[in-house]
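One chain, subunit A, links the two complexes that follow: it is found with subunit B in the first and with subunit C in the second.
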Partner chain A sequence: MLGNDTRKNGLFSLGLVLAFALYFLPGLSSDAYAKEAYAGQAFAEEAFAKEVMAEEAVEGEAEPEIEWGQDVFYKDWEGNPLKGPVSGPPAPDLGEGDYNNYEFAPSRIIIWIANQQHLYFGSFVLAVPIFCMLIEFIGIRTKESDPIMSEKYDRLAYDLMKVSLTAYSWTAILGGILLFTFITLFPGFFKYMAGIFRPVMHVYALMFLAESGVLYVYYYGWDKMKNDPFLKWVHCSLSVLLNLIGTVLMYLANSWATFMQAPGGIDEQGRFLGNIWHSIHSTLWNPVGVHRILGNIVFGGGIVGAYAAYHYLTAKTEEERAHYDWVCYVAMFIAIFGLIPLPFAGYWLMKEVYAFRQQMGITLMGGIMAWLFIIQAVMIGLLFFGANSYLHNSMSRVKGSHRYMKYCKYMVLLLIVAFTTWMTPHTIVMTPAELKAMGGAQHPIVGHFGVMSAKNTAVNMMITCTILCFLLYQRANKKINVPWATVGNCWIAAIFVGASINIIFLGVYGYFLPANQRVGLSVPQVSSTLTTLFAGTAINISMFKDSESYGDIQWGTQSKVGTYAIFLLAISFTWLMGLMGYIRSAVRLFWHVTEVVRDNSVDAYTLTIGEAGKILTFNTLFVWVQFVVVFWVASLAAKKTTEKAPAAVPVPAQQQQ
Partner chain B sequence: MNKTFISFILFVGGLLVFHYGIFPIFMPKEPTLFLNRYVCFLLMAAYLIIVNLTLRLKPPISLNALMVWCLGFYFYKFVLFPPVPWTLFITYMMLWSIGTFLYISQDAETFREFRKPIVKVIVGEYKLARLVIFALLPFLVGFGTYTAIYPKFEEPVELRTVHPAPPATTKVHGKSYVLETARNPFRIDEQDNYQDKFPFLDADKYPYMKNVTEGGTVFFQNCHYCHGDQLNGLGMFSHVFNPTPANFIDPGTIAMLRESFLFWRVSKGGPGLPNESTPWSSAMPPWEEHLNTEEIWKVILFEYWYTGWHPRTFDTEESYVGQWEKEGKPAGAH
Partner chain C sequence: MLPEQQDILWTFLTMMFTLFAGFAFGNVIQHCRAREDVNTTLWGGIFGAFFLVSFWQTSHMFGLNQQEQIGFFFKNQLLTTLVLLLVWGLFFKSQKIENQSPPLIRAFFFWTTVSTLLAGYTNWLPQQRSDPPPKGGVVIGGDLTMEEFVEMGRVIVYGAKQVAGQKSIGKGQCPLCHTFDPGDNIGRCPNLFGVEERSHTRIKEDRYVNLPVKIGETEPASGVVKGAPDKIDPAYARGGDATLNGEDYLRESLMCPSCYVVEGYGKDGDTKSPMPAINKPPIGLNKIELNAVIAWLQSKDTPGEFAAVTVPLPTGDEGQAEAAPAEDEGDKPVFVTGEEPVDQIINTLGCPLCHTIPGVEGAMGTLGPVLHEKTNAPNRIKDPNYKGSAKNTKDYVKESILDPSAFVVFNEEAGEPFPDGLMPTTFSQQLSVKALDKLVDFISQTEAPPQG
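Take a look at the complex of A and B:
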């Protein structure tokens, strides 16, 4: 029943590769030119405005009384700050009266929790439509070759959408709570933000309306548009529209956060310079957007995976076990595909942060936030361990996998060596006695692992290893029959060996280069890793043509360790998202808007690591309680449907044959 | 005899022989390429693999896991030298333990096989083992508790920020410097052009080397007592300080920083550190009270020239030497 995986896997992988290419590559390539392009555009706008004003002055119709301010971020072609007409009041000097608070908790903690909960749910409801789009598309494509599997894909997409619908309302409620918290506890700051982002806020609200409309048509029209092939395509297209609107929504909301961290479109006094696009499209907007899209996919995959894993462990029938095992597989497949490029998006974001302010970069990576980054390194390692553990365990239950299982232990060894390098801090916590025993602050051997050359090499090797594991999993039950099988295998081996040599060589070479050139080495390292992902997957899938199967994947036989790995992944994602969100936001230190609006509240301090950890853990637990409730609410509808349609419906006599 | 038992005996015996018999041979006063502790460890690992393969012992996964874990422990505890601090040791062992777990749990079959002896001990199939383990457990917990609560008089460890974020501006000798844009006025040429030149000898021929010579003179008059005559942080007074003086040879110190960062640090010293870096636990004096601005910039120039590192630059200021040539004067101070 669940056979014929070759074609489906191929389509699935190809769909995911294309989807990521669609999101990721244009984002990366476009941003390199974006600032210059927009600076150029803005320069032209400024010149045009001056021209018009000069004409008006000549005509004598109106004396130009517009004051010009210098942008804090954008520059013209000559590198001078871009000028714009002052179109708003200066940033307020906030005082005691601009903040409200409750007795039971500091305002900062309350807004943090409100924000984080909204973001968690927002992330989930933005990720699910991406899954549904892909799964429904695969369902349509496989309808002719495997109608049973096609129906299964369609049903899965529908079930996910059902959960998402409940979560969607929940997200809106949490958004309302966040908004009220912001207005009531930080009225002075909100007034300033609303003054600049007023039009964006209205567009955001309208987009929310559009998102709701498309979502309802998409969900409630599912059954009606299911059977007609044309309508089904229309229905699938609606999911694309839904994702587009969702992405715009997220980018609009991102602009407020990125403006607060790295403002643009205002002068040093915080006065708006008339171009809202400059305020939206500040320097971190694109990297944060791409990072969040990938993060949402991983997070959503983690949640759906955990939901399926729970049902898998508690399933009472074989069929149920098989179904949820398969759902786990689909969710993990998507999550791991999102996880692989995620660190690169993170590097891009950090590069932009450093480029914006060295001070901010050092605060993050070497200053007061550095220990949180070490915790982040631990969490990322856990994610890769969990992902690989799941892949190994999944592969083991596939017939024919014995050919590759023997390599697992070597891949684990490589992962551990790479992660040991990744985890070795530059500044080691030690007692004075240990310091003396070591002969200095740096260890003569492992001390070399503390710098970025080693870290980049380690993380790229970890990702490459995970990709290799994934490719082996893909081909575990296949006997390759294409005539060019040997050549194909040689190519895959050459790509992986070549990429590994390149990554390690560049890592070592980095020790002999100045820092600014060393940073540039991360690009070919990442390219090597991405080559293994894209070229390796493409060759691997091409080799599945005419392949024989050693046997279907035996769904429902996943080991318990593999299933628990999914829980580990889901919880790690949640905690890690909270951690990185906190770091990104807290790096502003005592500013609401960096270097423009000072935080003069009593909460303008940086939390200790322990206190931050407690809030992060609370946020994680709290959101999972809510997810459990949301899934339970969604399951009520499912039970109702089952009760309404029992297995043996009595057939009226006149219809009996 | 049971093959598993033979394998276990060979493992324990081999470990003892290597540790007490062979290891000292591999630790001469001057280690060579082949006669060093790491080669000895590799030989020990090779011995274990070869002896199990040649005797076809096929140890069960649980014994394999034990051997793998012990090898990791042995490496981090006894082989890696100088010994790593306990925080790092714990970290490494945690990772190694996770790796061992991934190895035994890679599929349901290996995990089942791994659990088998544990389950047999618990349910009483291995009676003697159960008796010994369950009798030892309380003692183990007791010992752990004893060592945990036994008073220690070591200085506590602290999470100190070594490279704090610099302020936006710093005021030295009455002038305000924007650290984002401040540059070393004596970096008038590419330092790589002078790697084979000598201070003093070439000082008269090249203005750049003159500045390096003057910076070096300042360094050896004031800084080398702590930072060392090889700039490796091992000066004659370095061992009495905690934290120890910075090691400029290390790629994680000045190689990662802009010259303006160093200018700020040298000028303000320990007392000028922000709170996150515990200003009271750095002994470096604020050198602005002893050196003039030019001397500070020159000593920074010397540090980079001597170590061969290049100061950190970002894309926008990559070619600032060329820019000065065009403009005719250095920027930064205002």
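Take a look at the complex of A and C:
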């Protein structure tokens, strides 16, 4: 994979699997109990508060006339709305005086752009420390077996951190712009949000301080802590701390957005009920957090991949080309690994949205936002095509890959069929004549592919196909020598065939079930796909023990198509991230805070898809212009270093004789 | 973006293209200085001119509105940039072109092309802008007939605008989940065909009496006491005796969806309904609207026959008194029944503010086109820029009322189109079918007064 050393393959994959499991699985498993647990906790808090107040009332130390409000989301054990002491003013009925605007663009568009630009950069600077943590860890672990590769890993992590450092300042500036935009254009709404989240905002600012401190020690202490094994471990631990603080930062900021979408901790009038944790931990907080972590990894991988692809195209020497080709691969590997579980996190988020308000879910999937999901489907299809295209092209530079290249065309065919199904709309807007000609809102044949049964099947097959493609890539230059090779291959084949049969069978079976039962089929379908991912990868890696190599991977020989596939992935990630952010935010329709604070500005309408699409494209292009500037600034320091030590470029282990 | 504002994307791209022209100029000068055999003055002059033209085009774009920008960008600036690329290629004709243009430029054009194609794709799809519903509820201007009241209920459920190929959705948002025709089922919520008949029998079923809460108990989420019409929120109560009847069941289902959950359509063992209480946000129907929906539910299966309707008709006083806090009076939406004279309909809707309408006193507005539709409409349907679906004058007028952006008329005097987006898109919520027909009939006959 990353070389001819199978241990590195396993280690790297294992690291990512663990990282994935660390972030995703606890979230999933805990969610089932989270609401009950918090209902219990909240119930106890309420009882305690009542008890204290009753005592105080008896003692005559407190006014007995404290008002109690019913929480809009939290419930007690019996399913009754949780009560809390009213601790804030009701939500304002915003009027003209609560909004400001510039003449050149609607305030809503301006805040969208400011927000999105900050989120793009925030996403990147949160993702890079995750990469650095993993890459540095692998570098430490491989130091004894392959010092050159170890150095290479270490240098890559350092280089990424260097770029991230410039981007970090940039993120902070964009955050400031966002804050000022919010305060100046939406002062009335900001006042309400600040009234509830005041302490969280201060904690957020302090956490930023902590993040900066750790980041600077981590980066500037790199060389000093590099040579001593103990200090190196301390240094690596700093990256863990950096990620922890970064994750907390992100979760705190997420709480404002998730509160706006699905509020908690307030009553119907928008009055704060005294428990800030309820407002932070509203129903979408966890799924949005997990979704964003995975999204950050994917997006960060896309940026690093594009950065490396660009340098690959501009490389002057073979060593440089080999290096950036390898970096492209590492970045894409991370991005795709984040991409595979991303739809599942999306499912979880949508499940919670439906649980919060079915109406909101239907507005997303079957109402005014439905076309945006068709676009999302197209984008996801584009991503899987890009990822598979990159893997297919990359395989061609691996000796021994001829054994598997012949399957690529079948995988492309499967992707086309699945993609076509995936993007088939349920119903489309038609003229009466077209409607009459078709005989109904749904086409008699094609219409069957527009329902969720077909779509779930299609997307699971696409993911399964990508996983298979990745496994073949992993073993492309390996001659399997373990005694149980045949058994192992049979197991892998059985897992993939079995999963495919199960996915397709459940998809077909779904047509015969009512909608409320059909929804439940997505779980075993997803489980089948995850089985191929985890079991397939585990068996595949286990089979590399004592394997022989057909030859080195020819780093630096990546085709231009493969390089541009990386660009395509980077654009798609950026555009898709903007799209999904827009969908998540726009589903509030004409509410600042769903059902509590109405948006009474002139911009309260929901944009047409075309208008939204243009802003998404602008956001994509604009942020990449900024990334180019940031990379250029970071490269100024790199040039200085290169001048000092021109001969220190490590050669990949695969190319050493 | 508002029509008079610049388009952010095209403005950004025009600036980027000018930057590119500047970059190309610098790149050529650099090569000219490095190669002695090249005529620096000639090539420098050519690329300098490209830069100046591109710069001028960018400056010009800042003076255009978005409609004009898109035309100018694709017809002029994009063309300039493509020619510039071609000439740049010619400059390097003896070299390997791909090695002369920096990857940054190739990446920039790749990025721009893919992203712009994606924006193009979104503009190719059906466009639908969703405006927020008016604050508050319906206000009625006078006494209604039952037919009008039922029609009001239908509009709340479906909206007045029918979109082919999909169920239109009104303020109540009911069709998002419910179906109303026999055999039609999208599986989200129960089909409501025959609901009037069921409303009388259901209240006697054991399951209704006992599940998920018993009659007389309070349903916790809504605070409604089940099966007790005398204990319903006074703002929505029907009044009269406390005997539970079919109308009460329907009202209860709307205000307290979890008081009774149809088997197979609820959560937690069919004890909780996913439906929101429609007297609360986000839908928030007032009493008149809620009663109108009940009236429609009671009569929808027997078109033209209203004997099953038990909700009383609202009086004008009742509607005015309850539906509007004083400070929002001016913002309240209007519902036009169609019983009014046509000039009253036109004045109520505010058409004269923007349009000059022959035959309507005081209708001398100039913000929108003069309404001479008897003569204008046939010509506009034939206009090459017309992309709507109308085939005759009446259809065109109806389309213009319900979807004003379907065709934006060109203002000959100003030399530019009338502003798109100015005309409200909420008439579908304010007009009954009868009122719409009446309005369309009238406007279809408007023409310029005879000269002299």
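Note that the second predicted complex is superposed on the first by the 623 of 657 C-alpha atoms of A that agree within 3 Å, B and C clash if a C-alpha of one lies under 4 Å from a C-alpha of the other, contacts with A are read in each partner's own complex, and residues count from 1 in each chain.
Everything below uses one rule, namely that contacts are C-beta pairs under 8 Å (C-beta built on N, C-alpha and C of every residue); 3 or more make two chains touch, one makes a residue touch a chain.
All of these numbers come straight from a predicted model, not from anything done at the bench.
Student: Label the relationship between subunit B and subunit C on subunit A in the superposed model as either fit or clash.
Tutor: After superposition on subunit A, subunit B vs subunit C: clash.
Student: Return first, second, both or neither, reflecting whether A:444 touches subunit B, subunit C, both chains, or no partner chain.
Tutor: A:444 sits against subunit B, while subunit C stays out of touch.
Student: Pick one for A:561: touches subunit B only (first), subunit C only (second), both, or neither.
Tutor: A:561: touches subunit B, not subunit C.
Student: Give one of first, second, both or neither to describe whether A:413 is in contact with subunit B, with subunit C, with both, or with none.
Tutor: Touch partner of A:413: subunit B, not subunit C.
Student: Quick check on the superposed pair: does A:504 touch subunit B, subunit C, both, or neither? Answer first, second, both or neither.
Tutor: neither
Student: Touching A:350, do we find subunit B (first), subunit C (second), both, or neither?
Tutor: neither
Student: Going by the contact rule set out at the top, does A:583 touch subunit B (first), subunit C (second), both, or neither?
Tutor: neither
Student: Give one of first, second, both or neither to describe whether A:241 is in contact with subunit B, with subunit C, with both, or with none.
Tutor: neither
Student: Once the shared chain is lined up, is A:268 touching subunit B (first), subunit C (second), both, or neither of them?
Tutor: So A:268 only meets subunit C here.
Student: Looking at A:393 after the superposition, I want to know if it touches subunit B, subunit C, both of them or none. Which is it: first, second, both, neither?
Tutor: First partner only, subunit B.
Student: Taking the stated contact definition, name every residue in subunit A that is touched by subunit B in one complex and by subunit C in the other, in rising order.
Tutor: In the superposed arrangement, which is not itself an observed complex, subunit A uses residues 354-355, 357-359, 362-363, 366-368, 371, 427-432, 434-435, 441, 514-516, 595, 609 for both subunit B and subunit C.
Student: If we count contacts the way the header does, which residues on subunit B are in touch with subunit A in the complex?
Tutor: Of all residues in subunit B, those touching subunit A are 80-88, 91-92, 95-96, 98-99, 102-103, 105-109, 111, 154-168, 179-180, 232-234, 238-239, 242-244, 246-247, 250-252, 255-256, 258, 261, 276, 309-316, 318.
Student: For the complex, which residues does subunit A have touching subunit C?
Tutor: These residues of subunit A touch subunit C: 75, 78-81, 103-106, 109, 113, 268, 306, 310, 313-314, 354-355, 357-359, 362-363, 366-368, 371, 374-375, 378-379, 427-432, 434-435, 441, 514-516, 518, 564, 567-568, 571, 575, 589-591, 594-596, 598-600, 604-618, 620-622, 624-625, 628.
Student: Can you tell me which positions in subunit A touch subunit B when the two form their complex?
Tutor: Touching subunit B: residues 354-355, 357-360, 362-363, 366-368, 370-371, 381, 385, 388-389, 392-393, 395-397, 405, 408-409, 412-413, 415-416, 419-420, 423-448, 450-451, 453, 511, 514-516, 557, 559-561, 595, 609 of subunit A.
Student: Quick one: which bits of subunit C touch subunit A in the complex? Just the residue numbers, please.
Tutor: So the residues of subunit C touching subunit A come out as 1-2, 5-9, 12-13, 16, 102-104, 106-107, 110-112, 114-116, 118-123, 125-133, 135, 163-166, 169, 173, 176-177, 186-188, 220-221, 264-265, 267, 272, 274-276, 280-282, 389.
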